[in-house]
Each structure stands twice: as structure tokens, then as C-alpha cells.
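Structure first, then comments.
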Amino acid sequence: MKKLINAPEDVVVEALRGMAAAHPQHLRVDTANRIVYRATPAAPGKVALISGGGSGHEPLHGGFVGPGMLDAAIAGEVFTSPVPDQVVEATRRADTGAGVVHIVKNYTGDVMNFEMAAEIAAAETGVEVVSVITDDDVAVQDSLYTAGRRGVGVTVLAEKIAGAAAEQGRPLHEVADVVRRVNENGRSMGMALTSCTVPAAGRPTFDLPEHEMEIGVGIHGEPGRRRVPLAPAKEVAAMLLEPILEDLRTAVGDTKDVIAFVNGMGATPLLELYLMYGEVSALLAKAGVNVVRSLVGPYITSLDMAGCSVTLLRVDDDLVRLWDAPVNTPGLRWGA
Amino acid sequence: MKKLINAPEDVVVEALRGMAAAHPQHLRVDTANRIVYRATPAAPGKVALISGGGSGHEPLHGGFVGPGMLDAAIAGEVFTSPVPDQVVEATRRADTGAGVVHIVKNYTGDVMNFEMAAEIAAAETGVEVVSVITDDDVAVQDSLYTAGRRGVGVTVLAEKIAGAAAEQGRPLHEVADVVRRVNENGRSMGMALTSCTVPAAGRPTFDLPEHEMEIGVGIHGEPGRRRVPLAPAKEVAAMLLEPILEDLRTAVGDTKDVIAFVNGMGATPLLELYLMYGEVSALLAKAGVNVVRSLVGPYITSLDMAGCSVTLLRVDDDLVRLWDAPVNTPGLRWGA
Amino acid sequence: MSEIVDVTTLRSWLIRFAGDVEEHAAELTELDSAIGDADHGSNLARGMKAVVSVLADDSTPPSIGPMLKQSGMALVSTVGGASGPLYGTFFLRMATAAGECDALGPDSLAAAFRAGLEGVVARGKASAGDKTMLDALIPAVDAFEAALGEGKPFGDAIRAAADAAEAGRDATTGLLARKGRASYLGERSVGHQDPGATSTALLFRAAATTMIDGEDGK
Amino acid sequence: MSEIVDVTTLRSWLIRFAGDVEEHAAELTELDSAIGDADHGSNLARGMKAVVSVLADDSTPPSIGPMLKQSGMALVSTVGGASGPLYGTFFLRMATAAGECDALGPDSLAAAFRAGLEGVVARGKASAGDKTMLDALIPAVDAFEAALGEGKPFGDAIRAAADAAEAGRDATTGLLARKGRASYLGERSVGHQDPGATSTALLFRAAATTMIDGEDGK
């Protein structure tokens, strides 16, 4: 295992300490509870937006804390959801009196730990909490009888867009609705060229032969839909885009305007991500889909996995305006 | 070789096409000449700032085109400097009448091609060009009898800071002086955990055994100063920082205030870069060096190499003010 | 061998389980690599280490309910992921069922196991056959109750529970996952043993070992 | 064998060199991996492909100077890196020295080589022994001039140039690099053959082959 770390068990806290040192004007980090807060808390009356999950997906979520996006982010161990105590603490501290929205990626562990936290928060703190789950990964068959689809790329877009809605002063249930609207209109699919390596495990989560790739991989190195021979970027783009468009059409109808997001899994360089974006944008043009905004880069990663994911979000004017609103976080910043 | 590309010979143009598609409001890309321009050219009278070099270091340089930073960036083949014709074309197009500064990383190829371009520009276009070379890599012994030190991390800081100086309306020679000042006060050192793979070569540039790392590596996968056993992040930080501080002290005297920059080589995740930054910042505190600003992330990369580099820039108030000035590029953005 | 499990024995059980998890951590993570995210071993090891230090901290052993509650809380507060709330809930519900007492008779222990199991179902919403820890937990609790119902001695009953948990664990290999991370794999989950069922089998083997040893030194 | 090298022969030389570079591209890149950045083969192959297409484009062969100039320009405009300006300058300076003529005698060719060599030195500011293409180029031009000076026939002289280039190339292995990317390696550059010297040896072997074959079919 080749990593720039000290002991595997200290990775998360030491990285948080580095984040705190790197962003003294923007962030406050509670390393004991592993929570990243805004340096300047939001004014009373603003709905607080909180997210969190396992570490190893940086900049998600800690890198998205700041004006226009999250109020707090809770870091679990690598690929392990945080525990309820952390979520309760962040909820209590971030609440300005207007209630707290939890954005939770749909993984059994995340859902259960946030659920327990919401129960405790309701019983012990009186803070009003609304949880919204993101589950946009079309690689997984959705079903009532399974854990359902995973929350992936849409989470980034939901945090940005709902963050802007909260900043505008929208009330708790409307902010939560924005998260739901983004989730319902967004779909993603990922692929991996190589496995990630969890520090505590010390070796790659899966073996991927030199001439194969994993289509439909998860952001924790969960194996994907299928393993296929390496293919040119053009074909990879089609493999990711087609199921997304198909699923969006079935679920929400015709897809005209979208935000297109090509995400890097961690070890894939920007050169390749831009090249992939070129292929995605060409395919969308052919499909008659109009890209109104785009995002290219490593925003929801899977440690050192090489690969990418594509997310499409169907948008209306409200969502685009919220997307364009100022944001000032280490990971995403404009207009500020 | 596992990469998200089509044919190796098309990588650069296809990635540029993707960049153009991803940033229609911000960039104009001349794919024939492989030049990235601002979508909105600078107003007449502003000194133009141009840089370029081999591709494979993204977001450098194309990702740094925009208000507050570069006016144009010229992309060579992967790890191969651009040719003079491209540089001449970019120079001619970017000039607003106030002259053009070329920021050139110190590599034989880059220096010669930009030199030929400046000769041609002088003879054929009448545009006034001042070239400034960056050579901040302390891994390489500096000497009059060799190619000298390589230009690495300082180039990013120089492009930002000189970009702000140009935006302020400073004249040609003052903008060039800012680049020189940044270069003289900046030092860097890099390391690699794994090799990069040049698409056209199809296999890793060097073999690095499972338990070794390369200290003092270049951003083209040029072998470094020495190969040592893997070590904890704490020790890696010291291996990079000590020669930098030593060199700075000898060359420019006591080092009080700095901008500290921990750069990712391409395949190293942000989690590890923040952890490294934590170690660097702790060592600097111990050394009595005051970090006034910082930058953490993959900004001058080496394709899919895993590793990092550290850059320190001694700053005065003028340089800090220029650093803080608004910048609006795909790769670096604040205040705009 | 007495038919009574006292607080010291239950504590030994937890400590034994912690040791077994530590010993098998790499194997649990390995299983989780194949159909999950390669952390079940380190997750549970971290949690049980916390349980052990909670148990060690306490100089005067509390009664059973509070001790199990502390253990469950320690798991919930340190593990995260799926196994933190699930194992945590298991012990928390056992605690409530056991109440403030110093020892449990076989039927009370069975009732506590059953309450724990129901807590896991309520929390995780999985069913038998979904390829989760339930596929070891359900047969274990069923077997324990059945043996007691048939009038078997306590030692045989707890051994039957451990055997049933291991058989259930083995049977997960053939199942198609419908809950947890392995469910993302669909058909490709078949052929792999479930990590959570594997740790649950360790839990009941530790129970059999300590509850029998603890009483008659065998 | 004539003592005159005409425009057709020079064109054959360039085409032959292009083919040799293409054939040895992987080897050149391999050498550049060890002490550089793994692109010398693809760089020079791209450039010589451009030269060949420039030469093919031109239906009426121009005279020697313009042809060499076109070739040098093609290299400068397509290669980049260190080898683009250096090989480009070599042919551009040869072009100027040769001027507008249809054939070169041995002494004129020697003068053109010398001019090319001086161009490379002026552009790259390296010296003999710095472990660069100069360590093949200098001995080649020296040997050519020396053989002619000793009154040897043209064929022997150009063969001596090629032999000297190859000997110079081989000798780069023992040198410590002081210019180009390999200089970053310091002591660690010793023991590796220089890629640029290797391609320059191909250039002179191609000259010997085509300029001799081209005249007497041997």
C-alpha cells in the first residue's frame, strides 16, 4: 500500500487537522467529534444544511462547508458512516433555530446512523430535523426489497443547490424539498479502471485485471454491474450515459435542460476527465439534451480509485438560479 | 495502460475540446493551434500574461486562463513543450498593445521553443515580449554548467500573482519583475509513490518497487534525487521541507512569512494531501515560519503519478495582496 | 454447569468476542472486500475494543442490563457503518430485556437474545435470506429457544445456538444479497460468504465457549 | 559512386531517417524513460512523419536549400520539446549553408553538416561530453571532415561519419549528463545511453546508407 499517511487509524483525524490548518479563515474543525463547521456560523433564522458520511470521498463533504453550501459536515472513518453522537452534536451546534436538513447518501450504515441521530436529536435537543436521502446511482436496480440505489454524484449538486436555497432564507421544508427535487431529477453512473485501497485494509478492495474495467462501480469500491474489456473513452461515455438517460426518461420524462457533471474517482487526472467530458457533451448533443451548466473534476471520490462517474441533473430555472448563486467553500467556489 | 482516452495521439486535442465544452462562458479554445484563451479578452492596455508547456500537468496551464491570471495558455503534446508557431500565435492574439510576458518553466525544450517564438515574434509581429523562466525545484543542483533547476510549483503561484499585477495595470517590465520576484523567493520539492504513464509510451516511465518512493521527482516522471523506503507522511514532509528551507535561507535569507502550497501529483487523493499539509504546517510552525496563505490540491500534476510536492513562497505585503486579488479561472477562483 | 449466567460470565463473553473479532479482523475485512467495502473487520474490531475498555473502566461490575447497555452504546458510538447500529441495537435491546439483575436464567437469556434479534430486524429492515447477519442470528436464537423448549440442558442449548449460527453463516454463501452493500452486486453476490453473518457466528461461538467454560471450566 | 549528392539522394536520406526513427521509436522512448520523460521516440517520429509528408506534398522537387529548410521548419513546427528546435535548427542551418542548388559536393556537404552542428550548439548551449545528441553529432561531423581531408573517397567518409556517430552514441552511456532532462539525475544518469545521441546515430547511418546506395546501388 502506497499512501501519504502515518498510521491507518489516524488518517481521518490527521486529514481534518490539515484541513483546519489549510482553511483557518473558512473552517472550524472539531477534531474530537470529527465535524467541520463554517468559521463564521450562519445568521439566526437560516435553515442549517448538514451532511456527512464515510471519509475517503474528499472534497465531499467537509470541502463543501461554507456560505452557500453546508453548515457542517461529519466525517466517519474511511468508507464508514459517522456515528449518531457525531450527527447529534453537529445538528445541535449548526441549528440557528430554523431547523436542520440532513442530506444522507443511501447506504444502510449512513441511513441507520442518521436515523438514530434524528431520533436522539428529537428526544434530547428539540431541534427540528428533516432527513433527505439521495439515491441516484442507476448502476443499482432499485427495488422495495433491497437496500435500493446508492447516493453518489447527485449529493454534490444537492448540497450546492439546497445550500443556496437555505441561504435565500427558504424555510426548513422547502429546503428539504429542494434536496428531494434534485435527487428525483438526477441520475449517476460510475466506472473504475483500478480499485481503491482502504488504509486499514492495506490492499486493493478488488482485483481488476490489466485489460478490464468495472462498469457501475460504487464510490466505496463496491463491485459494479459488470466487468468488461477496456474500451475507448467514447464507448465508456456511452456505457455511462445511456442507462442514465434511459432511467431519467422512464422516471421523470423528457430531459431537455441538464447540469452535466463528470466526476473523477480520485486517481484519474483532469486531462482524462476533460476528455471524457468532451465525449459526454458530444453524446448529449446528439441525444438532443441541452447542457446549461457543467462541472468537471474530482468532487466525490473513492480514495485512490482510477475512474469516473457521470451525473445528469434535469433542471428548471429555479434550480439553475440556485446553482449559479454564490458559494464559498474549499471545494466549490464562485461569486464570492 | 489504463486510461480514459481514445487514441494516444488525440489525447491533447480531445481534452482541449472537452475543456471548451465545459467552460463556454469562460474560455475559448483554438484546438488547431492548441491554445486556450479567455472568452472575454482583456481590455486594451493590460499586459498579457501567457504560459504553456507540455500537457499532462492540468489544471496547469489551460485551467489558469481567465481574469486575474493568464490571458492564454499553450498546450504541447504530453510532456513536450509546445512549438514556436503556437507561442507566436498566442502572443500575437493576446497582445493588447501593452506587451506580453511569457512564463516559461525551465526545461531545455520549453526554453528553446519559447526563445525561438520570441525571436519570431520580435521579427514578424512587433509585439514586445519579456520571457521569465521559473526554476524553483531544489531537488536539482543549480549550476551554470547544467540545464539548471526545473520549474515546478512556483509557476502556479507566479501565474496567479503576476496575473493580479497585470490586472492592476502594471506595465510590462513590472509584471515581468513580479514573476521574477516570485521565482526568486519560491522553492519546491516533489516526491512520487508511483510513476506516471505517458499515453504514447503505454507503460510507466519508471518502476518503483512496492516499498520504495522517489524523493525529488520531476513533474514529467524524471527520476529524483534518491530512492528511499516508504516512510510515514511526517517524515516525507520533513524530507521535502528541509531542503526547501535550507535553500531559501542560503539564497534569500531568513524566511518569515510564506505561502505554503501542497500540490498533488495527480493520483494522490485530497485526503492524503490535507494530511500532508497538516504535517507541513506543523513543521513550519516548529521552524518559526509563519504561513500567511495556503493552497492544497492537484494544481501542477504529472498525469497519473501518485505523490506530492511542497512549495514555499516567501512573501511581502505586496505579494500577499496580489495573491488575494480576485481570480476567475477553472482551476483557481476566488473573489469572482 | 449451572443454569444461571451471571454478569461476570456475560462480561467474559463480550471480552472473548472482542478477542475473536480482533483475531479474525483481516478475514472479516477480506470477506467485505469481495461484496462490500473492505471495512467490516476494522469496524467491529474498533467497536469491540471500545466495549472492552468500557468494561475495564468500570471497577464495580454493574448489573446485567446497564452493562449490556454500556456495551451497546459503545458500539453505536464508535463503529458507524451498518454494523455499528445493528450490533449496538442488538445489545441495547438485550439490555432492556435483561433489566437490572445480576444473573439470567436460560429463558431470560433466550428472551434477551430474541429482543436483540427483533431490534436488529427493526433497525435494518432485513429478513431471513437477505444475506445479512440475520442469517446467522435468526437460526442461532431459534435453535437456542428450541433446545430449551425440548428441555435440553443450557450447555447443549447454547452450543446448538453457536452451531446454528455457523451453519447459517455457511449458508449465506449461496444467497443473493437483498440488503446491505452486497445487494448492489445482485447476482454477483452469490458465492460469497456474508461478513456480518461471519461475525455473528463468532459472537455465538464466544457465548458457547464462555458460558460453558465460565461455569464448569470445561 | 559519384562524389556528388543530389537533391533526390538527400530526400531519400530524410525519408530513410524517418523510417528508421519510426522503427526505433519504442527504443528511443525507452531510453528516454530511464533518464528523461519517455517521449523522444514519439516526438521525433511525429516530426519526421511531418517531414515526409512535406516532401511528398511537393510534386516538383525544390533545390536543396529550400527542401532542407522545409524539413527543418516541419520539425520545429511539429516536435516541440528539446529535439524539435535542435533537429530543426540542424536542418535549417544546413539549408542556409547549402543554398539554392541541385547537388552538393563532399566539401559542401561537410560545410553544411558543420553549419548544422554549430546551429545545434548555438541553440542548446551544450558542449561535447554533456551527454546529448552532440556526443554523436560532433564526432560524426569531425570524422567526415577528417576523412575527406585525408583524401578518402566520399563513401568511406560518410561511412566513417556514421561509425563515429555510433561510437559517440555508445560512449554516452558512461557520461554524466550536464544538459537536457537527464542532467536532473546527476550521478544517476551514468550508465544510460542518451536518446538524442541514439537518434543522431540513426541519422548518420541513414546518410551512409542512402548516399552510398543512392549513387551506386550498393
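Remarks
Chains: A, B, C and D, in written order; residue numbering restarts at 1 for each.
To be clear about the criterion, contacts are C-beta pairs under 8 Å (C-beta built on N, C-alpha and C of every residue); 3 or more make two chains touch, one makes a residue touch a chain.
Going by UniProt, the chains are A, B, C, D = Dihydroxyacetone kinase-like protein.
As the structure is a computational prediction, the values presented were derived from the model and not from experiment.
Listed by label, the chains that touch subunit A and also subunit D are B. Rounded to a whole number, the gap between the C-alpha centres of subunit B and subunit D is 33 angstrom. Taking the mean of the C-alpha atoms as each chain's centre, subunit B and subunit C sit 55 Å apart.
In terms of their C-alpha centroids, the spacing between subunit C and subunit D amounts to 76 Å. Subunit B has its Cα centroid 29 Å from the Cα centroid of subunit A. Every pair of chains meeting the touch criterion is listed here: A-B, A-C, B-D. Put simply, subunit D touches subunit B in their complex at residues 29, 33-39, 41-43, 46, 76-86, 123-124, 178-181, 183-186, 188. Residues 9, 54, 76-85, 107-109, 112-113, 115-116, 139-141, 145-147, 150, 198, 200-201, 205-206, 218, 220-223, 225 of subunit B touch subunit D in their complex. Considering their complex, residues 2-7, 11, 14-19, 21-23, 55-56, 58-59, 63, 78, 193-194, 210, 213, 230, 232-234, 236, 262, 266-279, 281-282, 291, 294, 296, 298, 301, 303-304, 306-308, 333-336 of subunit B touch subunit A.
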